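One chain, subunit A, links the two complexes that follow: it is found with subunit B in the first and with subunit C in the second.
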Partner chain A sequence: MLPALFHSDVARAILGNKATRSEVAALNHKLGYDNSLLVQYWHYLVHLFQGNLGISVGKNSFGVPVSGIIASGVWRTVWLATTSLIFALAISIPLGLVQALRRNSKFDYTVTGLVFVVYSTPAFLLGILLISVLSIHWSVFPPVVTNAAGTGIFGPLLDILRQPREFILPIVVLTGLTVGGFTRYMRSSVLDSLVQDYVRTARAKGASNSRVLFRHSLRNALIPIVTILGLTLPGLFGGALITETLFNYPGMGLITVQAVQNNDVNTVMAATLLIALMTITGNLLADLGLSFVDPRVRLGGKS
Partner chain B sequence: MPVLSVRNLRTEFALRETSVAAVENISFDLEAGECLGIVGESGCGKTTTGLSIMQLLPANGRVSGGQIILDGVDLAQLDDKQMRSFRGNQIALIPQDPLTSLNPIQKIGQQIGEGLRIHRGATKEQARKRAIEVLEMVSMPRPAERLDQYPFELSGGLRQRVMIAMALVCEPKVLIADEPTTALDVTIQAQILDILDRLRAELNMAMILITHDMGVIANRADRVAVMYAGEMIEASKTAGLFQEMRHPYTQSLLASVPVLSQANQKSGSRSRLMSIPGLPPTLTEQLIGCRFAPRCEYATSQCRSTSPDLTTTSDEHSYACFHPVSGPAPVEVVLSHHDATEMQAPTPFLRVENLVKEFPIRSNGVIRRKTGIINAVSDVSFEVGRGETFGLVGESGCGKTTVGRLIVGLEELTGGSVTFETGEQEPEGRAGEMYRSQQRQMMFQDPYSSLDPRQRVEDIVSEPLEIHQIGTKQDRQARVKQLLASVGLPPDAAARYPHEFSGGQRQRIGLARALALNPQLIVADEPVSALDVSIQAQVLNLMQDLQDELGLSYILISHDLAVVQHASDRIGVMYLGKLVEVGPADEVFRNPVHPYTRALIDAVPVPVVDGSVQMHKPLEGEIPSAANPPSGCRFRTRCAFADDICVEVQPEVNFYGDGHTAACHHPLRSPVLNAKK
Partner chain C sequence: MTDNQIIGNIEETGNTSTTPIATTPSLFLQMLKVFAQNKLAVISLVVLVLITLFSFLGPLVYHTNQSNSSAYLGQICDQAPSSAHILGTDSTCFDMLGRLMVGGQNSLEVGFFAALFAMTFGVAYGLISGYLGGWIDSLLMRILDVLLSVPGLFILIALITLFGRSKVLLIVVLGLTGWYGIARLLRAEAISLREREYAQAVKAMGGRPRRVMYKHILPNAISSIVTNGTFAIGDSILGLASLGFLGLGLTFPATDWGTILNTSQNSLLLGYWWEVFPVAIMFLLVVVSFNYIGDALRDAFEVRLRERG
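Then we have the complex of A and B:
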């Protein structure tokens, strides 16, 4: 169906300019592209629900099942994104917290400035800058990820743990994508929670500043962060598109970019579906996380 | 020797460039077991006084002068770390809003026990045990179960009990209660105040009761301090203050409170509330002389140039005034057109019959299945006469606001009808909306959120005219001017935005908007509950004047029985979606038939010191859920007279006098058989 929208002839693309018309027609027939759009769509849906994403129609990977291509990439991206997310949180939660506590101080202004710089730097620019300075100029980190041998669910994680040096730059670029926003949210969330009446109640009990902060403010302040976190997930997949291409890491991002270049419509479809799935999963995780930190959500309804 | 002694307290708030003294010249002594009431209107500095003593001021505030001596230690001299060992230990706070003052995601037991863990180094077990103990002290039903509940699982009244328990956990010497019952219904307020009184006696605690409600302190506080614009202007033993006040502000303040009277009012006559003209000064301006002088009828040039000192007369009565008065102002009785003869035949012109409103309860999730219904309003019938004010009272959740919204057409009826006596059939659909909005308008409760902040007053007031395509632009502008004048706003108000006005002025704008289409009926939903008493009196008087002038009918919805009694000709009492009693206002208050009406009246604190604390037992328990109302009589779960018939049979409406009906199996007197409708 997608090729019709692209006005591209799949068989022609695979077979090249030298193939005869009848050869092209035969292949299109074999692949089902000569059916009407509705029929093609119906077949696609039926296959999809059977777990069959179809075969690749890309030039270099013709005939390989799409699920296989994706399976190898998806976990690489998941672990890369997860690691960067952990870094982003580990940086932004304390940073936003201290910013809120020292509101309008020099520290606050400096961090706010930095955060906006990071926030507004596009991933490709940050990546190229890092590569040119740290890899090419100083050779501190390798410019591409060479070791991506790990397969299965945990293989890519082991890759990262074994060769952290290779992964530092892509992780930094992905972290840069989210850390700015998180820090801003954290700062305003803590500021909000500090002026709440229950904070005054805690102080009226004689609680020390740290007790007020950690027992009362912080947990309440994290509630909105959890929501944001879930919504960030699909964005990270989008970020992977650029980062993985830049560092030549064969995750979902790179696979998608290559599939687009190769007119491999089935793989592009699968990647798009995956991002949709991620969006839903992100929201689901956010809701689950919310019910974990907020009893009002967990026990909701009866009030 | 006093437990707490405050001398010349002064608290400043730092602003962008200057600082402002929010509180000045506060001095008082507090003995163990004694209760000091601090009263005043919003912005007078009463809360700041409480927070100054606790040293819990916001970041830009600090105590800049005076002493706060607790047991020989001057709290004003302590640093934050030293002060911490006093807070929650020797001196505790009960804040106004129990919902926002509890940590929403921490269990109640943990929150109550926290003070003990901090100050006594108690273990978790000890803290839990103590938490149950203090919850028992505040008469919390099923205390042990509460420890593992979260605040949102409790009602407002129970949350306030939790706040009190939390304050008691270390047995403080001084308890500061800042508007502890303002967010609660009257019957719950009575429960909470009784608990505070009992505990004060049992634990020999000193208590500072901060409130805007003269009724709350009248029979509970030993002494009262009155604050105005950041200063203490009068202080005395409670009886002395109420009966022989010296400061003109105290006099006017008391005169502007509508008093719920059960006996001494003549039927059909209406006293006019005294209102204080103008507004309190802004503290950021430089204030010379007596701060009340601009609003004081006795003010002289001396008052405007010199600030009076607090002078103490015999009997521990002190006041700051050059021209003291000698007792309460005489009540001015104005016989309006509502005199007894005309009251005989109010031509009924709005008829509300068998009104029913149900709201569906939907399950969470995608499908949102209907899992039940809330009976917000269930079979309510009444009539409103031309030029009459019909008061609708009841506690929160009783359905009174929904009735109001149904009448003006803001909600769709589930059943029943609202008809005008004209006999006209109401048109359907959009035409019906236009028809209704021309006849009936609404005046809303919240003067802040009910006006569009980005519309000029002119646009707000003329919008109804535009929608109904009445007049040319010039006509409409002229009409707006006229309306603004009639509600007592200056003509230049038209070009300004709502935020430039005070709460009372905004309520006037709301009234002008409601009047724009010349409606016959205005439904006023808690029109004065967000306002201070002196301003409240201004708005109530204005509403009364406009009624006399234009022959309007009002439906006045309020939780404040005194306001309703003051302003209404007839009254309907609602409980859990049912109208339980209807009758002439004075008759219902003097001679109630339904046990709920009786309990409601008894729960209202009256700002009159009669030497005897009201000894009525407050109504127990709380209003049940409207999703699952009790069978038979809905009030039976809280009624002292309830028996089997109340469980099984819905009570019928009977007559107890002319136009006086009630629905009860065990009325406080027997029905009158030949009463007129």
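Then we have the complex of A and C:
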């Protein structure tokens, strides 16, 4: 509920540089900013729980309900992030596994080096680099997402499936954010599990190599990855903000940036609130997923 | 080393004649040696020093007008590198090399002071939370959990919308979002150290909590603080660059690396490489250098841990 706390300071910030004093006072009164901070906060909270996020106070979109502005972006960001996560997992799990199996080989070192480079390159630099090479120099992929008409829950997903070429660069940039960390964790996680007693037991009772690997080692190695998945969400959404701005894709990130440039405090607050909510939901899903992957984790208090 | 000797080293008062004072410099030398063995870290350090010198002393040698682009008014903007402008000019007609220097100054200053602010705040927060414990600890940690659940970039943007974007405000805002990690570390450190015999002894002798925190817990946490501080500078520079790239960095005519990248985003489409690549390379070098140095520092401090047994 943090953003709502900041809400009180907002009136001064936007209305300070507007027109005459009486006009400011009138607008302040209309928007309820002349009430005391506590009353404002109370109103904001009451409205929030009624599902009312207030109206936009930006120059270009004054009076439009914030929920309308944001609603179109939520699922775009969710699907973009989800797709990139799937790619990141699809790349990093096998990569980390092979790295762990061929520890200290040339392959291991090469991947480690590559992973470090990708990991330490910020999203916007990776984006600029990809655009300059693949869009401008070779014109393989378009530099911006031109057609993002999809609305509703699955509209954006259909967009991605229909014109994958437009979405490849943004997805690659977002994948680059997480794939490095995942690969590192996967490698060390498999390494850890390979020296466990149960792996030795499985080998001792004559299980085949692949059975040991997939049934005993991999299944346990995946457990920490589920936890990491939840922890990367804030970074992923932050990266989505940069990526969406870079590729002009109207998700939550671009909406937030445009709202800031527009001095639209209500929309920024609502977007931040929603992103926090999405992060928490994601973490909850990861925790639930953990109990699914690892039967030792029980939901509920009794043990 | 035994616990006794550690007390001797840390406690400034008291006769510690039995403590071999000579271990302290040799320990430092040992750490220096471990650090110097890490070639990447040494190279990073050199790179950082060079870029700092370039940014702060460069303008004394290479004079350009960086406050008013009208000085170059008669000229064409987006000029390719020439003898008059070694790295060409940007889309607002500023000399690109001079722009790099000014941007470097601002980025490094904001990065350093934001990290300093974040460290100070985070250390105090973690110490208080961990040492006092109880409901204060629970409250402070729940607040931290709430903050951690919101992506940092979104908090940054929300704060900037509210407070504006002068240099000082950017330092404060970046500092305000950079202290979570160190606060957690210091809390853990404080919890484990407050139960040690020497901390208990100070308490038993009537020492106030502040004394225990400053003289006993803080010196033991110095390795985490220095290592994290180094990473924090890199992170702050990265944060500032992200903001700048979104067009939310320092306001014109002041600039930073991210803002330069933002103004020259379209230049790439037009093929003006000199407006993008020099600044991108410089920025990447600095961020990666801070990470390598942080890594090496962590290794160097491990010598001390090994020594401690």
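Assume the second predicted complex is superposed on the first by the 278 of 303 C-alpha atoms of A that agree within 3 Å, B and C clash if a C-alpha of one lies under 4 Å from a C-alpha of the other, contacts with A are read in each partner's own complex, and residues count from 1 in each chain.
Definition applied: a contact is a pair of C-beta atoms (placed from the backbone, for glycine too) under 8 Å apart; a residue touches a chain by one contact, two chains touch by 3 or more.
What you see is a predicted model, and the numbers here were worked out from it, not measured in a lab.
Peer 1: With the two structures laid over each other on chain A, which partner does A:I128 touch: subunit B (first), subunit C (second), both, or neither?
Peer 2: Second partner only, subunit C.
Peer 1: In the overlay, answer first, second, both or neither for which of subunit B and subunit C A:N263 touches.
Peer 2: It touches subunit C, and subunit B stays clear.
Peer 1: Looking at the overlay, does A:T279 come into contact with subunit B only (first), subunit C only (second), both, or neither?
Peer 2: second
Peer 1: Just subunit B (first), just subunit C (second), both, or neither: which does A:G176 touch?
Peer 2: neither
Peer 1: Looking at the overlay, what does A:I242 touch: subunit B (first), subunit C (second), both, or neither?
Peer 2: second
Peer 1: Who touches more of subunit A, subunit B or subunit C?
Peer 2: Counting contacted residues of subunit A, the larger count belongs to C.
Peer 1: Could you tell me if A:G251 is touching subunit B, subunit C, both of them or neither one (first, second, both, neither)?
Peer 2: So A:G251 meets neither subunit B nor subunit C here.
Peer 1: Using the superposition on chain A described above, determine whether A:P142 touches subunit B (first), subunit C (second), both, or neither.
Peer 2: neither
Peer 1: Considering only the contact definition stated at the top, list the common interface residues of subunit A for subunit B and subunit C.
Peer 2: Of subunit A, no residue contacts subunit B in one complex and subunit C in the other.
Peer 1: Please name which positions on subunit B make contact with subunit A in the complex.
Peer 2: Result: residues 54, 56, 58, 81, 84-89, 92-93, 95, 97, 100-106, 114-115, 118-119, 150, 152-153, 163, 166, 364 of subunit B touch subunit A.
Peer 1: Enumerate the contact residues on subunit C facing subunit A in the complex.
Peer 2: Residues 146-155, 157-164, 238, 241-242, 245-248, 258, 261, 265, 268-269, 271, 276, 280, 283-284, 287-288, 291 of subunit C touch subunit A in their complex.
Peer 1: Taking the touch rule as given, give the residues of subunit A at its contact with subunit C in the complex, in rising order.
Peer 2: It is residues 2-3, 6, 9-10, 13, 120-125, 128-129, 131-132, 136, 143, 233-235, 237-238, 241-242, 245, 256-257, 259-261, 263, 265, 268-269, 271-272, 275-276, 279-280, 283 of subunit A that touch subunit C.
Peer 1: Can you name the residues of subunit A that touch subunit B in the complex?
Peer 2: Spelled out, the residues of subunit A in touch with subunit B are 195-198, 200-208, 211, 215-216, 219-220, 223, 293-296, 299-303.
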